[in-house]
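Each of the next two complexes has chain A plus one more chain, namely chain B in the first and chain C in the second.
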Partner chain A sequence: MDFPINPPIGERVRRKETERFVSGTGRYVDDLLPAGTLHVSFVRSSCAHARIKSIDVTAARAMPGVRAVYTGADIAAHVKPLRVGGSSVLRPVKLYPLAVDKVRYFGEPLAVVVADNRYLAEDAIDMVAVDYEMLPAVVDPEKAMEPGAALVHEEAGSNIVYKFHFATDGIDKVFQDAEVVIKERIRSHRITACPIEPRAYLAHYNKDEDTLTMWSATANPHSLRGRIAEIIDFPEGKIRVIAPDVGGSFGVKIQTYQEELLLPYLSRELGRPIKWCETRIEHMRNGRHGRDQIHYVEMALKKDGTMLGIRDKIIADMGSTYTVDHSIQAAALYMTGVYQIQNYSVDALGIATTKTTHGSLRGIGKADASYILERLVDIAARQLKIDPIELRLKNFIPAEAFPYRNVTGALYDSGQYHLAMRRTAEMAGYDRLRQEQIELRKQGIYRGIGVAFVMEPTSSSRIHATGGYASCRLRIDPSGAATVFSSMGEQGQGHETTIAQIVASQTGIPFDKITVIHGDTLPTPYGFGTGSSRSSVVLMPSAWVAGKLMRDKMLGIAARQLKVLPENLQIDGGKVFAKDHPEQSIAVMEIIRTAYGAIHLLPENMEPGLEVTGYFINPNIDYTPDDKGRMNTFSSYPYAAVIAVVDVDIETGMIKIVRYSTVHDCGNMINPQIVDTQQQGSIMQGIGAALYEELRYDEDGQLISSSFMDYRLPCAEEVPELQLEHIITPNPFTPLGAKGAGETGMLGPPPALCSAVEDALSPFGVKVRETPLTPDRVLNLIEKAQATPAHG
Partner chain B sequence: MYPASFEYLKPQSIEEAMALLTEHGEDAKLLAGGQSLVPMMKLRMARPKYLIDIHRLADLNYIREEAGQIRCGAMTRHIEIEESVLIRAQLPMLAVAASEIGDVQVRNRGTIGGGLVEADPCGDYAPVALAINAQFKCVGPKGERLIPAAEFFSFAYTTTLGADEILTEIIFPLPAQDSAGVYLKLERVAGDFAIVSAAVQCAVDKNGVCSAIGIGSAGGGTVPQKALAVEALLRGQKISPELLAKAGELIQVDAEPIEDMRGSAAYKKKALSAILRRAISEALRQAEAKRVS
Partner chain C sequence: MAKSITLTVNGKSYSGEADSRTLLVHFLRDALSLTGTHVGCVVGRCGACTVMWNGTAVKSCMVFAVQADGDEVVTVEGLVKDKRLHPLQQSFWKNDAVECGYCTPGMLMSAYGLLQKNRNPSDEQIKKAISGNLCRCTGYGNIVAAIKEAAGNFTK
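And then the complex of A and B:
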């Protein structure tokens, strides 16, 4: 396939956004304060699971500066329930902006105070008295499945709120006949994304205009607009959602939240702007959590290392689960990863517990799958005494097999797995590392070399959820500048830059003269939120389509005036000219003037003006399963090979990452600088997940790691020496040849670092099945292994 | 992150601060840098009615050498201790301890007095102060008194300082010229409070015998400890690997670490043993190098 990618596409153009972010002139929701704004604070559940017997708000209402206090029941009487769950939920439950009869997790909002300022609102929430009838906390998902367990949602009749099954014919026979079966229980632990800006909302109902403007730190403005219209029964056309600068999402801001839907109601009720900016502790307790899956997983192999099949049982802790997100299916459909495995079965269960609701988080579901699969491959390699790289090379899907249909029907667009793995080994100096390891061990240094190969399905496309398309409206303005209206907002991805690069490449309008408008539902075309790394897979192609439509139009106008066929024309240096006779030319400004002001010179049947809308639809999606349950709901499959080197201090359990080498393939890169920085940040987030970060609950269901004192993020000093390279295998299903670039980085560290630590501690025979690899856990692993006979 | 309402008071002298503290008693808190107090107030875990800001009082901000002692005004900032030429030359482990507190922003504002009175079980200064028997000068309505480091910490986040007293000065006796000091901290990520830490100041004679030793540690309990038993075990001995191992065992005997996200009690005991042994070995190595040079 031919990719017509011309500069500045593919160049390291400086980001348009950088200056305002680094100079502090970005504008976030918290920077906005319309006159008359009232502020809210939420009364939040102090326990994990309880029936609300009564809420006494009398004293709070009497506090100075308090304008109103509402309980969940007050609100439920006046708004429609939130649209929750998907078709996949076994029994949908009702959710209102505030808890009504029961609280189902620690920190759930159950009443709201509106006051003149946030301090007074906080004072007043202290005065709200809630009488609870305590119910047992449901913390362990495996116990939650047992008969007689307390029910999180009584009306659902069970804590098993979601089931997914897939099996190929004869899978059990494959395991019966297998020479080797590896069987493990491996768990991915609960983490959250921690964007630098927590959630923030400002709703302003304008009585005179009868319109509602909602500023939200959202990654999904158009969906939010529809949901607001629905819950407060207000015409969608009178609602405008604006996402100003947003300080990161990583999935957590693509969802719509309870508090977010309450503010528009309050503003309409009180006729005043209403603002709420989340505190960090609220964010840790109420922002969506991710991961938290237990897999009982088996792999069947031949003695020579040929992988034959996988059987998996997934128990996914969905938290208070008013919604069941995409995570379970995303894990279940990709447990065979990058390997040629055509025998597979999975039973996946989504379990309701009394924890914070589970949701999107960079690498949702797919990170669990790749981590657990790679753990299994390492354990198999050690048991079979095969080098972990060799075992992977033996089973990779070969380059010539793409596009490759995996066992669950997923269509992998492209890949060169063997090349990526070999190049990583070469870059890291794998053979030399193995030699050094032997030498260092003699000196008492436990060095480990970890290998991982992760693949990240991107641009998810689900019916009624995430579309599978995006659009850009492009206008060349009469002044000669261009404006692009993007259907998707940005939270740090650099769309303002990459869209401008694409439009500049197509139309010849200089990059500096192109402005990209996004995150505002009024001027931009409809589209789904920024997530699943779909920007480069659907949004950028839609900018490319818009640019192409515009280019065709400009050339059409020039063709008539120059009397040259459009295909013989070229745009460059502010002119359109004949390729063979450059002296036959017309200035781009002349074309623009014609389009707007001299329309009698336009070709016949051409519409006036220079305004087009480009749509791009992922062409390779199978929205509904076939008769065997196979489907493809993602459209591109970037991947990365990783070799991580660590030193483990066996007295303290501390891990030092000596070097992290990775080769990444996201196809063609629109801006390699942006891809590199995405990878660096993403890898650090993965290192945090592997080594430091954990949302831990006690047995009463209290979240005990709800501040950055307890939930530790890696900092600059934890950044290891990083070797990052790309290979480029263009995605044949988009005109730019790009794949998603936002998430693959985060998938690498958990399996690579577990692999490295296990390798470092191989003299003890340690097996890593739980994370994060805190020093405490590492020391425990060593001690446990020493207590049992070593095995190789 | 919205504190309850409070009144902000800014005295111009220690005497004025004392008077305000006497007047408002338990309702008042001293603001000495605010790197722990302000976050606690934002979480409403601390709700002082009066905040008496002393952190800019110039006569509490100094580092000077006097009669074989280094005296630090209580409002000396961490960054000033970290960068002090005097401290780096005379008491390097104190500069190291200061350099490992929080991040640069915290070190620019936080003060040594604030850090010590905060009395976090894993604070960085306490082990150093305990190892070399620092003294804390306090002033109150009844006048001045000196509290030895070993008597200063009474429980987690609690000291023996009276509610109407102000810590004004920390006095570090200068160790003998031929001795060496090492502060070692085990932390999850850079800038965190310690999981465990140890400070060791020691000297060795020409026979390789440990002639003097002082040890402070944190993470082994609700308060930082002076490791008297370990000091006694090692003082006057040639430190063999076996003796070092014994020291590592001994430090665990009375340790009752707090279990938290930094680790279980059992883990912290083992980590403390490892860090202590390493700090001793390194201090001995440096002391030996000093003796030879």
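And then the complex of A and C:
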């Protein structure tokens, strides 16, 4: 495909939105305080699994400044149940904004206090007395599947709440006949997104107008609006959801939450604005958790390293109030990754446990798949004594095979895997690194080199979930300035800048005169949440389409006046002129004035004004599987090659990342600066996941890492030397040639660092199968390996 | 127990009522409507609420408002002079050191605190100075570069 993209598309334009952020004039939900606002605080379950025998709110109601206290039962009588489960879940269950009868995870909200300020609300929640009948915590998903295990939802009859199966013919024969079979149990541990702004909501029911405005730190305003309408049985058209500036999401703010759906009810009931900003501890306990899949996975190979097939069994811990978050399917469909493997089977189970609900997190499902697959490839390389780069090069899908249909039906848009891997090896000085490693070992320095090649399916599209389209409405005002109304909100991705770049490129309206409105359901067209890195794949193309429609309209007006065919006209420098005769020109302002005020000069059948809506539909999505269960649910496939170098201190267990080299391909870049910054952040989040961060539950189901004290995010001092390069293989399925750019970075560190640490500690025969690689875990691994004499 | 306090914020004198337990960050945001200072964890771990308190960068969730009675506080809003961005703010913008913007005010104030004391910091010193400020978006690299560049143009 030819990509007719012109500046400022592709330029490192400075972000528009940054000016207000550095000035302290960004507006986040917590910055809003309408007159008369009441504040809420939630009474939360102090145990993982229990029946609620009674809740005594008498003392709390009598506390100073308390306006109201509601329990789950009070609420359930007046609202509809939450939409939980859905068609692809085996066992849908009924849940409410506050727990009724039973609590199913530590921290689940079960009552709410409304008070004059947040301090008083928090005082009062301590006065609510809850009497529990304790039930066994369901913590281990493998035990939860056994007969006789306590049930998280009795009415479901089982803790197995989701099943997915896929198999190619003759897969077992492939394994029977294989020269080599590598078999492992690998788990991706439980983590969470941790945007620096926790969740925050403000609901304001206006009695005079009978309307409801909901300000939410959400990444999914249109969907939230529908959910609110459903749950409080209020006309959707009278609800306006506004996501003002949102302080990061990384997936966690794309879902709707129990608290989020309760506030509109409270505001309507009490006739006052109701505000809640969660604390960090609440965020760790109640924000959606991610990863946490156990894979029993096998790979069949020839002795020469040719990969023949993969068999996988996935056990995914979905937590308690499970929703369909697609993480399991996303992992199951991509376990063959970037390799030419056409024999595959998977049995995946989603298990309900008494933990916080599982949900979206940067790289959802695909990160589990790429981590486990890349570890398996590394383990195979070690066992076969083949260099991990050579093994990958031998099995990569070749550049000429794209678009490539993988074994599960996924259609990979484009890629140059061999090139990316070789370029990374060159950049990292791979051959020299191997030499240095030998020298350093002699000096007692345990240096390891880890290779990974991760691929991130982006822009997911599923029926009634994410739709496969986005839109932008574009208006040029009579004054000559333009406004774009984007169907998707933003949480730091820089849409105000990139959309303006695209519209400026198409229409010739100067970048500085283009304003982008997003996150507000009133002026913006319907759209799905900002996730799955879909902005660049589907939203930006919709801005491109809107720009093109506008351009066509402007050229049509000019064509009639100049008596030149539109295709012979060009827009530049505030003028439209004939390409061959630049002296034949008309000012853009004159076109705008004509469109609004001199409509007798418009071409026949052209509507007045300058307002258009551009839709873009991902053209390469399958909404239903074929007769063999194959389908493509993502529309672009960015990837990255990684080589990580680490030194492991065997006395302390500390890991130092010496250098992290990566070559990334996200296709054409609308703004390479924004891609670079986002990728650096994404890589650091992956480093956190690999080395520091873990949500740990004890056997009673208590979350024991629930603050930044014990759930450690990487800080500035932990930034390694990064070598970052791009190769560009344009995505042929969008007019901009872009692929998703936000998530691939995060996928690289877990497999690359684990393989690097295993490599560093190979003299001990250490096997890395559990993460994160905290110092104590590394020391335990060394100790365990030393106690096992089988290695040399 | 409410107490009347007076403090100088960004060069202007403010008076207000504060309970003995009211955190400085809440006083700045709720009583003075200076919402540039953000709340990310309220336990002193994320740094989004960092302000200058009597010349030192501190996390304002770790200070009671009454402790700052009679004192001088500078918040991110105070960096803008005559509608012109401070060199640090300009440098953050130029170096793309900002994505969602939530950690940014705290990050700027920690950097401001560092540059008050050290006009020529090394990368290591910069990283140490902002090690108490968490950013989930940028991966810190551009922030360090921005602070380094601003050091040369720093004005109080």
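Here is the rule we go by: the second predicted complex is superposed on the first by the 786 of 792 C-alpha atoms of A that agree within 3 Å, B and C clash if a C-alpha of one lies under 4 Å from a C-alpha of the other, contacts with A are read in each partner's own complex, and residues count from 1 in each chain.
FYI, a contact is a pair of C-beta atoms (placed from the backbone, for glycine too) under 8 Å apart; a residue touches a chain by one contact, two chains touch by 3 or more.
Keep in mind the model is a prediction, meaning the values are calculated, not measured.
In the superposed model, A:Val69 makes contact with neither chain B nor chain C.
In the superposition on chain A, A:Val646 contacts neither chain B nor chain C. Touch criterion not met for A:Ile397: it reaches neither chain B nor chain C. Once the two complexes are laid over each other on the shared chain, residue contacts for A:Gln678 go to chain C alone; chain B is not touched.
Put chain B and chain C next to each other and count what each touches on chain A; the higher total goes to C. Contact with chain B, but none with chain C, is seen for A:Thr774 once the two complexes are overlaid on the shared chain.
Look at A:Leu433: by the touch rule set out above, it reaches neither chain B nor chain C.
By the touch criterion stated above, A:Val719 is placed in contact with chain C alone, chain B being left untouched.
In the superposition on chain A, contact of A:Val241 is made with neither chain B nor chain C. Contact with both chain B and chain C is seen for A:Thr279 once the two complexes are overlaid on the shared chain. Where the contact sets of chain A with chain B and with chain C meet, they give residues 119, 279-280, 709, 713, 715, 717. Interface residues of chain C facing chain A in the complex, by the touch rule stated above, are 19, 21-22, 29-30, 34-43, 45-46, 48, 75-77, 79-80, 85, 89-90, 92-94, 96, 98-105, 108, 126-128, 130-144.
Taken in their complex, chain B has these residues touching chain A: 1-5, 43-44, 103, 186, 188-193, 195, 260-261, 263-264, 267, 270-271, 274-275. On chain A, the positions that touch chain C within their shared complex are 14-15, 17-28, 30-31, 33, 119, 193-198, 245-248, 250, 277, 279-280, 491-494, 673-674, 676-685, 707-709, 713, 715-717, 719, 722. Partner chain B is touched in their complex by these residues of chain A: 41, 118-119, 122-123, 126, 279-281, 651-654, 692, 694, 696, 704-705, 709-715, 717-718, 774-776, 779-780.
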